[in-house]
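After this come two complexes, each holding chain A, first together with chain B and then together with chain C.
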Partner chain A sequence: MTLKRRPRLVKGKFWRTESAVAYLFMIPASVFLLVFMFYPIVYVILMSFFRVNKLGDLVSFFGWGNFRFMFDKPEFWQIILRSCLWTAIAVVVKTALGLVIALLLNVEFTGKKLARTLVIIPWASSVPISAMIWQWTYNSDFGLLNHTLRTLGIWKNPPIWLAEPRSAFMANLWVDIWCGIPFMALVFLAGLQAIPQELYEAAEVDGATSWNKFRYITLPLLSGVLTVATLLSTLWTFNDFNVIYVLTAGGPGTSTDILITYIYKYAFQYLRFGPAAAMAVITFGILLLVSIIYARSYFREGVL
Partner chain B sequence: MRKVLVVGLVVVFLLGVVMGASAQKKKVSVLWAEYDGLTPDYAANLESAFEKEYPDIDLDIISTPWDKMHDRLIAFVAGKQPPDLSVIGTRWLLELLDMGVVEPIEKWVSKELLDNIDPALMEGKIKGVLYGLPVAAGTRLMYYRSDIIDKAPETFEEMLQIAQKINKPEEKFYAVGMSGKKYVELTEYAYYLFGNDGYFFEILPDGSYGKCTVNSEAGVGALTFMNDLVNTHKVTQPGVTAYRRDELQDLFISGNLGIFFSGGFTAALLEQRGAQFSWSVAPMPHFEGKPQSTIIITDSIVLFKDSQAKEEAGKFLDFFYSDPWRLEFDKLVGFPPVTKSLANDPAFQKPVYQVMIQQIPGAKGWPLMPEWPECNDIIWDNIVATFLGEKTPQKAMDDAAQEIDSIRGM
Partner chain C sequence: MKRRGLYVVYPLIIFILVILLFPFFVMVSTAFKPISEVYANPPHWIPRELYLKNFSDIWYKYPLGSYFKNSFIISIGTTLLNMVICIPAAYAVARLRFRAKSFLMYLFLVVQMFSPIIVVISLFKIIALLGLLDTLMSLVLTNSVFTLTFAIWLLSGYFRNIPKEIEEAALIDGCSRIQSIIRILLPVAMPGVVTTIIYTFISAWNEFMFALTFITSMDKRPLTLGLYNFIGRWTVQWQYLMAAAILALIPVVILFMFIERELVQGLAGGAVKG
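Showing the complex of A and B:
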């Protein structure tokens, strides 16, 4: 048996190959990533361990000082908890409603194309604009929501949605869900359409009920798409700044603040970049952990 | 194909000429506040008129809503891309000085401009150095429905008695407007605090600020009264924590409020929107036995150290502070004139201006300290906690004072 010898590299040959051209094409994107992604991430991590002046310049090494400053605030832990609750509820509801809408849109009916177009509208609209419209909708005296509830007799004295902590939280949550459902519905619809019809036909021949078909065909074959969609939704929802900032700016008080709005306040209203960076690093850590858990579950299922 | 190439080359050449021409112009950027009452046309007309007079200067007016001004300016400054000029709340000046980004302005503007501004309004002068020219300055006052209220109340106690008579929530008419949602500044609490002869901090003999005093008798008394208006007597609009000051203004203009505290800009808006009811203005009430005192708020325009067009920025300031442009600006925003040359203009002899001017001697301004934005938020969060029944007024203000003193190292 003869061993294959590795071809000797000829000096300068690489730059005449196609691989060299590929690397050259990758340079602009790599520079872009380095400058606009990696450098800011590294700088924020550095800021979290340093005292930082009001211009965002590093002053002196502070160790865990910024983290300790935030950990000592009871409000910080409430906000972490609220951020997790916000994300969990929103993602579960978006996934459930998105799946229901996708299943409905996957059925043939008159007006299906129009329905698909209408479903996209909340996602296609600018989130801040949508939040502003909802802000007026929630107005207790002149908003459409309470007026409709009173006129139809559904709720004689509906709450002043944005005035109380709980109702304000729910109001924010609903707007985030409303904006996010279309994405989930479209992704699930694409996944449903990739499932071979023959499987359903075969199941029908075997006497399977609708629920059995959903449980043993649809869900398993959609699991990959479900995993990716819910992961993306989790990451986006945890960092959803626009809805809360426009609707309530974290109020009343700080009762609807989540980590991202709290970071914004510390960085751009109080100019405390050190603690803000510490919270950003914590956010990064939480989302990295979530991504790792998802990725492990995704690859363990052998979908790839 | 050849034709396409030739046309393409000509277009590129022309673009290059245009860009080259504009590149020779000196660019001046101004971060501009959207005052209530100030129409978008004003900034557009100002920009084109200035560029007509100075064709070698490219003026860029960046309009920003007031409640976003601070955050947007800080984002520019922190990103090392400050504008050349910016309108600011003068209360932010200490913060900007702390960052070391503002330029003393005196040497960049004309002597005529400086001599034309009332020295009493030069709040932008810190330790003898002028950093900001006053853009707008005015005291806050009381607006009331003169078709429903015969005589304006002089004290808050009188105001409560009137409120209890005129309040009709079933008709969506609320006696007193109260804002609990964060918007720009903590003016609502300031009205009652100053009317109770209180202040946010003790003033030390050297003029600096000592400990926070919102938990003094005056501070707690003011918040107690506010809370009673909202939760005990229920004479305010419901859901105060969902209403910003600008939304209360809309409520008053639409005829749903009896009494409302605001600035001169509300009068301008009432006229612009053609309010269909009789209204009048009066000095801010005070508590029984306490001196009348309201808040005076000044906004300034500052020049940044990193500006590459300081001379051109100075030319813009001279242009903006000329009588025609200042007259239109002051009329639209509803503040009294900051320039001496317009003081006797007939436009400023209306009652709203007379009341604003008469309150100046007893008025107090915001604390000038770099930590004020954070202190403002702390006090506000505790006020909201009181409105929501989560804290008593004493506990709320004790917590606020403790946290503020801790931040300031007191």
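Showing the complex of A and C:
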């Protein structure tokens, strides 16, 4: 590694040694990722095609058996549907509310800095701990949410949130949304602040209304940020394990499970590693697809 | 016209903040209630009196001290390991030319989005094989893997923004490459290094799923898992859980405020660079 004791460098040789150093420097990271990321992925793919015992050892080749086992379960399809619904609703609501908050925070007013800091807190907070706090907030007898809804007359008969499938799903969904709003608001705010002010001034001279300015300046110029942020949010939402596991652990029954929590349940509760691996492979496929789209749009915005 | 706008902005902002901060209000309110008031029906928004005993009770009724200690060990271990791995990698990506670079950066960005759930099944086997089940080391390793790629990504962004010429001058003056990194690049890139350290520390501090899977003994639980186990046995002592949650959240929330801008920028890339 003592490359250049010599003050003069021969150019050709310099570039050759440079790439050697680069690979050397990448070794620790590569080895680490190979052992703890790529090997596990390969192993999961293997597992999905084998019968697997309760210790996670491969027993015998099973072909598509694990997949077929899951596909034959109506419950599995419900969970797929629920995962899609979960992701779609959450991302749309996060994006909409994030945009509204960003537009508000982009206005000059006293206390703006404080408001911005306070908006971040749900993101800054630890997700599992936030979910525990929400669990208490949702408590139907002693929790403050239902009490507040009743006292303010917003909802005379609020549900027992975590006890019934539908309301439990909504309760989980809301906590996921709540965790994700700050990031969306901050990204959009950063995007808004990057829009040159002159554009608005020029539009004002031409007599544009606020709506026109939003429609023809803000939205088009925000589209890059919108794409990247919604893709990220899609990945995070789809992957959200902590909220559901802490709040309801997928219950009652499996009525609030999404794919991610269902895999975990199959593996570590039922100890059925084979079907769990099959679902993990499916999830891997979905995530790979969306991540590649995300990476593409990230690079399209030109960072390197 | 501006003034009229504010009549809309203020109520809306306040409304949104009330909704976003409501659970934290619940947390603080509950943490200062005695148990009799926690289970009052109808519940009280504000505690009748400021009851501080919860904050002292939690330390001897639960092994909270050991939860904190474990979380510290895991987070600091993860951070150290990560820095050792990430600094050379980020340097290579930011400064050196090599063929696989753009492929690797692409790969890192994609890998960063994988859910740990995909691999936890086989990681469990690997950790068992290494004899690391129920050790803090297992969490240091797994947390590192899942913060590694974004940490390299963040750090290389910082390195790239520092003019190359400073180090080149040092190289010509007879510094070795390692010396030029340690003595020249790292001090200049300190804000970036600190950001990366905080990011890794917070991620490890907040991690829950690996702890849930790998840790079985009570005395090895980190905070997230420890607090989770407040729930579920007998009646939940919510006032204790909320008091402990306040203590667990304060350090991460404060640290997070220092890095949120860099996180947003790192995650959204060129899209938000003005």
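One rule holds in what follows: the second predicted complex is superposed on the first by the 271 of 304 C-alpha atoms of A that agree within 3 Å, B and C clash if a C-alpha of one lies under 4 Å from a C-alpha of the other, contacts with A are read in each partner's own complex, and residues count from 1 in each chain.
In this section, a residue touches a chain if its C-beta (ideal position, glycine included) is under 8 Å from a C-beta of that chain, and two chains touch if they have at least 3 such contacts.
These numbers were taken from a predicted model, which means no experiment stands behind them.
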{"item": "Superposed partners chain B and chain C on chain A - clash or fit", "value": "clash"}
{"item": "Contacts of A:253 with chain B and chain C, given as first, second, both or neither", "value": "first"}
{"item": "Chain A residues touched by each partner, larger count belonging to chain B or chain C", "value": "C"}
{"item": "Partner chain in contact with A:268 - chain B first, chain C second, else both or neither", "value": "both"}
{"item": "Which superposed partner A:158 touches (first chain B, second chain C, both, neither)", "value": "neither"}
{"item": "Chain B versus chain C as contact partner of A:56, first or second or both or neither", "value": "both"}
{"item": "Which of chain B and chain C A:280 touches, first, second, both or neither", "value": "second"}
{"item": "Chain B versus chain C as contact partner of A:141, first or second or both or neither", "value": "both"}
{"item": "Intersection of chain A interface sets (partners chain B, chain C)", "value": "56, 139, 141, 268, 273"}
{"item": "Contact set on chain C toward chain A in their complex", "value": "2, 5-6, 9-10, 12-13, 16-17, 20-27, 29-30, 38-43, 45, 84-86, 88-89, 91-92, 96-102, 104-106, 109-126, 128, 141-142, 144-145, 148-149, 152, 157, 171-172, 174, 176-178, 205-206, 208-209, 212-213, 223-224, 227-228, 230-231, 236, 238, 241-242, 245, 248-249, 252-253, 256-257, 260-261, 264-265, 267-274"}
{"item": "Chain A-touching residues of chain B, taken from the complex the two chains share", "value": "70-71, 74-75, 77-78, 80, 95, 98-101, 172, 180-182, 237-242, 256, 370, 373-374, 377, 380-381, 384-385, 387-388"}
{"item": "In the complex, chain A residues that touch chain B", "value": "53-56, 139-141, 160-165, 168, 248-249, 251-254, 265, 268-273"}
{"item": "Touch list for chain A against partner chain C, complex", "value": "1-5, 7, 15, 18-19, 21-26, 28-29, 32-33, 35-37, 39-41, 43-44, 47, 56, 97, 100-101, 104-105, 107-109, 115, 117-130, 132-137, 139, 141-145, 147-148, 151, 178, 181-183, 186-187, 190-191, 193-194, 224-225, 227-229, 232, 235, 238-239, 241-242, 245-246, 260, 263-264, 267-268, 273, 276-277, 280, 283-284, 287-288, 290-292, 294-295, 298-299, 301-304"}
